[in-house]
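Pasting the structures in now, so scroll down.
Two complexes, one shared chain (chain A), two partners (chain B, chain C).
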Partner chain A sequence: MRKIKEYLIEKLLFSSALITIAVTFGIIGVLGFEAIIFFSEVSILEFFTDTQWTPLFADKHFGILPLLTGTLLTSFIAISVALPIGLSIGIYLSEYAPKSFRKTVKPLLELLAAVPTVVYGFFALIVVTPFLQGFIPNLSGFNSLSAGIVMGIMIIPFISSLSEDALHAVPDALREASFGMGATKLQTAFKVVVPAASSGIIVSIILAISRAIGETMIVAIAAGQQPRFTLDPTVPVETITAYIVQVSLGDVQHGSIEYRTIFAAGITLFVVTFLLNTISYRIRKKYQQRYE
Partner chain B sequence: MEITMEKTLDQKVVVNTIEAIDTSKPSKIEVKDVNVWYGDFQAIKGIDMEIKPNTVTAFIGPSGCGKSTFLRLFNRMNDYIDSHRMEGKIKINGKNIYKKKVNVEELRKEIGMVFQKPNPFPKSIFENVAYGLKIQGIKDKKFIEERVEKALKQADLWEEVKDKLKKSALALSGGQQQRLCIARTLAVEPSIILMDEPTSALDPISTSKIENLIFELKKKYTIIIVTHNMQQASRISDYTAFFYIGELIEYGKTKKIFTNPEKKRTENYITGRFG
Partner chain C sequence: MNSIQKNRLKDRLFMYWGMFSTLIGLVLLVVFIGDILIDGLGIIDWSFITNLPSRKAEKAGIYTALMGSIWILFLTAFIAIPVGVAAGVYLEEYSKKNWLSGILEINISNLAGVPSIIYGLLGLEVFVRIMNLGASVLAGSLTLSLLILPIIIVATREAIKAVPKSIQDASYALGASKWQTIWHQILPASGGGILTGVILALSRAVGETAPLIVVGALAYVPFAPDNPMDEFSVLPIQIFNWISRPQHGFIENAAAAIIILLGITFIMNGIAVYFRNKWQKKWK
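Let's look at the complex of A and B:
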């Protein structure tokens, strides 16, 4: 009886794992399948070199570059906000803050990542953009600047929390060695602890970038829906994710070339985030054993 | 001349045979009635001690006897422990290092420390040794290079690493890493070196190299070494202090402690009857 129970439980656990993997491969399969049909009609060369993306217009252009720059621009703004703030928080919590403070503040910061992104999107649109327009008069109502800033706030906990973990994992023996030679806390933090934790910090940054690139709601609401090949943060742009939302919600005919564009855009997004995750996984594995 | 000093207040501490100490030299370290608590636990109980310059003093005693805690008082390394509280006076070259105004960073440039486990920074060999100079704001490249070379030679490591100074210090063997840590300490040119069981993580050959090194360094530095190894204490030290549950039981010339200790407890410990 007991053996049967053990057997069933094992199979149950195994099938849950199997289903998850199967679903993942299923998604990749569908993406790939539809994208292959898309690329049989549109050349890959055109896809990556054309600077216009107008699949829904009469004059159709299928250049992913405007969407890609929109995505990279908002992500770049986000990371410029999140990196200095997140890293400062991480260093403060790990090297300066009393233990009790650290224990309270870290989960509170992680709440930032728990706020629904649609709330962030509206916050960007109706608070941050009007506020920024006070300084930048020609800022349009939809722009990558405020979407990027708010997205940056959202990903702060990714950087602060993960880099704090990395800093905290640096053995105290290194801090003692540094203090023992007459170094101050600041010198020890920046010349010994941060370099020693650099791999973990880099991983946290890559994961945050990956999260920003995949973020949909904030950019769909606040950055606009005009695919534009530009690096100007004050004008409306469209990211890959925002385009997919736009087409998925619209009344594009199923099976048409317009419909397949979302799979082509989707697989581009997938490749970018997949590469970033692979890099971070490699870095983590490479440096993991250093202090063990 | 043989002097035997008895502590007047209680009979715990017997300082024996301070023969052949040049009394004209000022005492490098003077400890007066030092007590240390961790929360409610008293780790150090009323210790008095004098340490002369250019000597090697070994602290011995069973685990948890307070010898490491005591050693870490000299460069204020216990400051980072939240529940730590210290009373009493420790004078180094006549100055009480526990006064409020004391600049702890300056103090630690004067008093180097080598730890139990080799703890090189994950940087190059050169950067490890240059670290202490660079944090002092020294920018003169030539000066730093000279100091690094000198320190590595003093630590008897130069010949082994001179062709790979840019390589990571973590690629060195444990014994080499520990000598690198000694070189790193020497580069700042302290006058006192504290060693907290510096060979406990090393093999016998590396250990003997470090012991020879300590013997050489004695000429220029005052060295205090915590060790669990009785033979090591008897081989390398001039003076030995035996600690037991936070008390200094016996302190005197190493030869005397190891051949004719005053206290039964010291004898039991060094002959291996407990510990």
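Let's look at the complex of A and C:
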């Protein structure tokens, strides 16, 4: 009797674990299924080369490039903000700051990542854009610049926390050897500790990029809803995620080509983030082997 | 200035830059919360919380959205906690090191990185269309459950890993079975850690907007849901809707609703940190 119970419980737990596999298959299946039908009506060549995205207009164009450039532009701005600040924080907390300071500040910084993204969208649209318009008079009310900057602030803790963990894991013997040679903390940090922790830092950056690419509400609120093939940060653009939100808010008929565009856009997004996550997972596994 | 002095100066400058970087994030957070408090605090009163949504900014309230968020919170917890903890227990206590456990591990790490809006597309097709649940609280909760599953699984595994092996050995030595050991020893011992992870995951679910928009949650619902099959709205969607309106009064409403949402998020995070600290002390 007890054996049967133990056996059943194990199977029950196992099936819970299998649900995670089902989720992955579900995502790939759903996106793939709708995308295949989409691509039977729209050629893949047009999808990747046309520079207009107008599925909701009478004159339909299905070029993903404007959405992709919108996504990459906002993400690039976000990383340009988050990387220097996040990495500096990581190095400062690991190499310079007293232990008690690090212990208080780290959870506070992580609060930045706990704030719901719709709140950051509000901040970008209502506070940051009007502020920037004081310096850049021709900045449009919706633009990738303020959306990107605010998204950068949001992902600071991803880079600072993970890179601090990596820096902190570097054995003290390396630091002491460097100090013994007369190096300053700064020289030790950049010439010894950062290179030793490089894989962990790279993982943190890749995860931050992946997070920025998939971020939705900030860009949907503050970057606009105009797919535009441009790298100009002052004009409205639309990201892949913002487009999916735009279509979901309207009443698009289920089964129509407009409905399928969100799955075609979704699978593009999924593939990009999947590649980034897989790369970071590989690096992380390799790095674990090196230190443990 | 010789090179030693130069290097010391650089060292000092970087230290100030590091301090500045660390503080700038926190200062921005404070500025930003201060700004929202100034905009929204005047609006919050009892009628703002109990009023239904309205076309007129001064009459509009968050009742339906708040009730929707509470429904989503509890239903998501009800679905995600048992599945997530069970999967975590399986991976930590039962699974052998083979190809399957390798795949499960890569897969969970990947799922944690999938953008939330993709879960929305999955929910739209599977729960709303195929299972025919419509844009209901249940469809929304199922979607968010899948979204937070990886977080709960990882937290459960970490918490179980931290339980000293001696407790397990003692239980086996007394003749307990594997499941008895897990149920009576390991789960209670790792409860604090699991709880921390679960609360953080749920706080994430409460703040999610995009997947619920994709699933079809509405910005305007006239009544609060009273069963899992009802249509619903949630606070973040109400905020998004108010931000998108041009009239100024709605911006203040959005700020006020943000204060309530941030209040909920920060309280949940605070509880999680409290449990984490309490639980860490127990083993040290």
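Everything below uses one rule, namely that the second predicted complex is superposed on the first by the 283 of 292 C-alpha atoms of A that agree within 3 Å, B and C clash if a C-alpha of one lies under 4 Å from a C-alpha of the other, contacts with A are read in each partner's own complex, and residues count from 1 in each chain.
The rule is simple: a residue touches a chain if its C-beta (ideal position, glycine included) is under 8 Å from a C-beta of that chain, and two chains touch if they have at least 3 such contacts.
Small disclaimer: the values here were computed from a predicted structure and weren't measured.
J.: With the two complexes superposed on chain A, say which partner A:Leu207 touches: chain B (first), chain C (second), both, or neither.
T.: Second partner only, chain C.
J.: So, does A:Phe131 touch the first partner chain B, the second partner chain C, both, or neither?
T.: Once the two structures are laid over each other on A, A:Phe131 reaches no partner at all.
J.: Now for A:Phe48: first (chain B), second (chain C), both, or neither, which partner does it touch?
T.: In the superposition, A:Phe48 touches no partner, neither chain B nor chain C.
J.: Now for A:Thr273: first (chain B), second (chain C), both, or neither, which partner does it touch?
T.: second
J.: Just chain B (first), just chain C (second), both, or neither: which does A:Gly180 touch?
T.: first
J.: If you tally the residues of chain A touched by each partner, is the higher count for chain B or for chain C?
T.: Of the two chains, more chain A residues are contacted by C.
J.: Tell me which partner A:Phe57 touches in the superposition: chain B (first), chain C (second), both or neither.
T.: neither
J.: Name the contact category of A:Pro171: first (chain B only), second (chain C only), both, or neither.
T.: A:Pro171 sits against chain B, while chain C stays out of touch.
J.: Would you please give the residues of chain A that touch chain B in one complex and also touch chain C in the other complex?
T.: On chain A, the residues that contact chain B in one structure and chain C in the other are 184, 187.
J.: Applying the document's contact rule, which stretches of chain B touch chain A when the two form their complex?
T.: 75, 77, 80, 105-109, 112-113, 115, 117, 119-123, 131-132, 134-136, 170, 181, 184-185, 188
J.: Can you list the residues on chain C that touch chain A in the complex?
T.: Going through chain C, the ones touching chain A are 7-8, 10-11, 14-15, 17-19, 21-22, 24-26, 28-29, 32, 35-36, 39, 82-84, 86-87, 89-91, 94-95, 103-104, 106-111, 113-122, 124-126, 129, 146, 149-150, 153, 177-179, 200, 203-204, 206-210, 213-214, 216, 219, 236, 239-240, 243-244, 251, 254-255, 258, 261-262, 265-266, 269, 273.
J.: Spell out the part of chain A that touches chain C in their complex, as residue ranges.
T.: Residue positions touching the partner: 2, 5-6, 9-10, 12-14, 16-17, 19-21, 23-24, 26-27, 30-31, 34, 84-85, 88-89, 91-93, 96-97, 105, 107-109, 111-112, 114-119, 121-123, 125-127, 153, 156-157, 160, 184-187, 189, 207, 210-211, 213-217, 220-221, 241, 244-245, 248-249, 254, 262-263, 266, 269-270, 273-274, 276-278, 280-281.
J.: Residues of chain A touching chain B in their complex?
T.: Checking each residue of chain A against chain B gives 171, 173-174, 176-184, 187, 191-192, 195-196, 290.
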